[in-house]
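Shared chain: subunit A. Partners: subunit B in the first complex, subunit C in the second.
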Partner chain A sequence: MAIGRKIGVFICHCGGNISDYVDVKAVAEAVANEPGVVVSKNHMFTCSDAAQQEMIDDIQGLELDGLVIASCSPKLHMFTFRDMAERGGINKYQYVHVNLREQCSWAHTNDKTGATEKGIALVRAGIAKASLSVPLTALRVDTIPKVLVIGAGISGLRGALALSDMGLSVFIAEKEKDAGGTVKNWGRMAPDDQHGSEIVKNLLDEVKRRDNIMLYTDAEMIAKSGYIGDFKVTLRVGEHDSVELQVGAMLIATGFDSYEPQQGEFGYGLDGVVTLPQFRDFADQQDGELTYNGKPVKNVAFVYCVGSRQKKTEACPEPNQYCSRYCCNAGTHMAVCLEDRPGDLNQYHLYRDIRTYGHNETIYEEARTRGAVFMRYQDTEAPTVADTADGLVVTVKDQLMGGEEVEIQADLVVLITGMVPKKNETLMNLLKLPVSKDGFLNELHIKLRPVETVIDGVFLAGSAQSPKTMAESVGASLAAVSKAGGLLMKGFVDLEPLIARVDTDKCLWCDECLKACPYGAIEKIHHGEKEVAFVVKSLCKGEGACVPICPHDALDVEGYTDQQITAMIDACSKEVVPA
Partner chain B sequence: MSRVSSKLASAVKCSDTFNADACMHCGVCTAVCPMGIEMLPRKLFRYVQVGLEDKVRENISTIYQCLLCGMCAENCPAEVNIADNVRFLRKYINENEFNLS
Partner chain C sequence: MKSNEPQPKILVFSTNSISDPGIDLAGSAHMHYSTEVQVIPLPCSSGVKPSWIIHAIKQGFDGVFVAGCGGDCSFLADCTPRTSALIKQAQDLMKENDISPKRLKMSGLCSVCADNFVAHMNAFQKDLIKLEEK
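Coming up: the complex of A and B.
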């Protein structure tokens, strides 16, 4: 083992994070004579520019062909050091990352001797792995310069136009018979008073003018195969037709559903108790003074946070714990719209907390100064709605009066409902996208990779991901466009080569690996006289389920071969089981 | 328990004089009142703002005890014109309760 290898080992102090509990100098000395090691050093911060340059000098000066860095979690700096290895001129897959901070120093702050011994064992295992490393090359896959956008609401339409601007061909699939999404019939919307219907019309007109956008309505995905850069999708269009598409990326712009209150929740089901979307439809159909059942509307009570920020109770076993973000803005904006109407209308807004963040604060202020009354209730003492001889009566304990009970006789009670995840079972089964505990689609990293998903080439655009205002949805959609565009404009994509490989001599095709693979990356092929397993490189994630299940040891994962893992265990347990 | 009166609520809304919207319920007005009026202006104004006419009626004597000296408004950090608000209330009560116009 390790004959002729030239491995460099660098142990990081992490400014004390590691060296306070692990004697890093002792670790460097202990592994200096391991087979193949030609240099073993310490650095205060291996990630610093100066330390990286010194390591590059060592790689080149000593002609290293393997590299072990013992520092923090690979989540933090594995890519930093891979890039450094490449700059130094060594294959980046011959670099091994040892986690000496999260998995050693931080875990054993009360035992410096023990932590140091463990540190030595971990680094030795890293060296054993590096000494069996081979140069690997990224898999290059050509990409199809076409995108499928699922959902023709604001996010989908705006995203499609931006993709078209880049010169990419776009297909839009809309499940409903009419394009436009949730707001296609809406009137004035926060914050700039533009009508939803007008925004949708402008976007749709522009979409129709584009030669490189194809819009399918009454269309649903019924089959999907392929991988990043080259997906094959079948859409059902209308009742009988279907189309086959080949696209390089997909945008998921499926939007949201409005929360539907349960019968009796804040009086829902009583005549005159409506949700905000229902009230909006009702108000948009009338000019001038509002009338309901032939009578002018004098008093309207709004109840905020309906279906949002719920707590788990017997009546609500699966609460929506999140804030829906848009509802406070929509509610206060509706207050301003009502103040703009003629007539003598009083409005009472019963809220838990007003969250009109950013510019929307001015809408809240306008609503208050123009006469809408805002009353704060505590979530433990929510308002009640009752049907009495005097009509609907809302009872609330006003916090500004120290919790005194106030009754409001209301002609209409409007429940300001939040957003809930869209129900899309067929699509979700096909795409296998993970959802958060709230049921919305999950991004890959909440801060740094906000529109990417675990499925490479599939991006989130808008409120399918989480409650969002229209501006936020469009922002997210355009972010997804930039990721899809960046991927497809380059013309190819490089994939990690740390994937399974088949030893065709050993393989006898028993289909165990096919059943074990969660990514559908195994296929049966003919190899000479016999049938063997074949790994579709662009689908394999190197997850390794196929390796232990193979009865003939015919599978291995590059970079994590059985031989490497065995060598690592041997290196770790050197004192216990002498060679 | 008291019920909101549309009449008072509408009168408050239409009035150019009454404005307690900026009140943040800090209580400085109560602290500086030379009459030591028990009824806190902030609480009274909240009743008015919400439109609780019976609460206003219960506090008529307090409303007329006020000297309109303006100490409260002078010290109000939110610049609510408290004395003017009291004048509005007296006018409303004169018209609607005592039938003076």
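Coming up: the complex of A and C.
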């Protein structure tokens, strides 16, 4: 298999991180005579400039056509060494990274002999893979310097302006007849008392001033094709019109829906029991003393965690287990707003835990000191709301008073409802974005790639991804803007070539791979006399789901071919005879 | 201080962006597991060929562990059922080849599942020892 190959193997000491627990010299010696290996060396730090230069000298001097570096995890330095390989003049996909630190020395600090033997096996597997490596070329695609923002709430509008600032053209598609999203009619909002309606108005005025932003309302995506850098999208606009757009990237700023309680849940459905958004709808429009249905409101009970942090029960088979993050801030801030009103209103806040993190804690403190009464209930003993001859009565066992039962006569019961994923079936079917267990859109990596998605060029901007406050939504949106801007302002994108390939000799077109591929990357083509599968390079993600499905063994993923994996298994199962 | 008792050899198929970082984390935390555990990373557990599993056992591995992407998979929302179907297929193939299907295990392993990984390896080795004793 390694006939004619010239492979260089470089084993890193990583200071002592590897060499303290693995005899790296013994590893280099043990693999020196593996088929195809022409040089096997150690370096104190393979990632250092000096070591990289020496390796480049070896690549060029020995005319290497394969490279194996055994060092730390590929998550740290795979790209470093790929770049180095390229600088040395070798195709970067003919470089194989062996994880000798996180998956060997550090995991076996108690067993140097065993770790050394394992190290030899791992490097042998790397050599086997490198011997079967082929040069691959990234697919370079020109990018269209235009972005589609889906959703014209705060996140979408703010994101669109930032993209416009970069000189990119922006289309905004808003499903509703009016732009502005959830908060467009809201009054004072946490934490800084700015009115939602004012923020939206300012953003919208600015959007309308920009020549390079086009806002479509009552508009919805109805078709999508293409790939990162060059998507083709059709929007339905109004009842009868449609527009075709060509964009390089998309921002998903579709926001959230507010949780709609079930009938009877905390008395929902009774006159006077409303959700916080419903409460805002009338309260934010009133100045002076608060009234409801024309009558002054004297007693209000707020119930927190409605629709959030639910447990699975018969009545709630699909619970929202997450915390909605914004509601404690919104509830305590509303308490302060009510204290600011004239009149002698009493307010009772029934909570499970108060999560007014960061700066918002001062709002909670202000609410308490100014007279709002906070009572803590246990999730196992939730408050009940009853409609009596005397009006609404809320019964709660207050944990702060040793579980004593308290009855509150309330003119209004406000359910502080959490966020739930936006219902957007058409869009979700078109975008094919994975959702998490709780139904929100999934990022590519929760910590390290928080606004990217599995669809390259499609970024998450705000609470479509998970419950977020307004500041957090805008933060996410601007992160998405910087990813989209970074992508499009370069003018081109290189796509990873580690994707599926078809062996047309073996393929008998049975459509199994077509059915297995969620990305539409498989097409049927004519090849000579027969029909075979064809992989659309720009759409294939290289996850390999089509590979084991193929009944004719006609599919492989580059870099992980059947031959390579089999050879790796052979290499690492070979007995290691200690020197 | 390598133990003189021969330990079962396990081949792990990990996944580049989900379970492999979890296995890395076990090492970063210096959590010990057997040196007879070796890892081959793949893009996604939905791409593991059952024939690789059979081949590994025939080549001398005592067990194969598929560290699946689980619910965190960045490629496929239904990665787990897809991987499970492959495991089922592999176990059928193992039976046909007179290999105990107990030599194959699969579990979703997240990018911070270091404890889980070590626990799985220890438990799997114990199971494999029991299997040898039978």
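FYI, the second predicted complex is superposed on the first by the 406 of 579 C-alpha atoms of A that agree within 3 Å, B and C clash if a C-alpha of one lies under 4 Å from a C-alpha of the other, contacts with A are read in each partner's own complex, and residues count from 1 in each chain.
In this text, a contact is a pair of C-beta atoms (placed from the backbone, for glycine too) under 8 Å apart; a residue touches a chain by one contact, two chains touch by 3 or more.
On a predicted model such as this, the values are computed, not experimentally measured, just so you know.
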Contacts of A:Glu289 with subunit B and subunit C, given as first, second, both or neither: neither
Contacts of A:Val406 with subunit B and subunit C, given as first, second, both or neither: first
Contacts of A:Asp192 with subunit B and subunit C, given as first, second, both or neither: neither
Which of subunit B and subunit C A:Gly371 touches, first, second, both or neither: first
Subunit B or subunit C, by number of subunit A residues touched: C
Contacts of A:Lys541 with subunit B and subunit C, given as first, second, both or neither: second
Touched partner set for A:Leu444, first subunit B, second subunit C, both or neither: second
Subunit B contact footprint on subunit A (complex, rising order): 298-299, 344, 346, 348, 368-369, 371, 373, 375, 393, 395, 398, 400-402, 404-409
Subunit B - residues contacting subunit A, complex: 1-4, 6, 9-10, 12-13, 21, 25, 43, 46-47, 49-52
Touching residues on subunit C, where the partner in the complex is subunit A: 1-3, 9, 11, 16-17, 21, 23-28, 30-36, 38-44, 46-52, 55-56, 59-61, 71-77, 82, 86, 89, 111
Residue ranges of subunit A in contact with subunit C within the complex: 73-75, 99, 101-115, 117-118, 121-122, 125, 434-437, 442, 444-446, 454, 498, 518, 541-545, 547-548, 557, 560, 562, 565-566, 568-570, 572-573
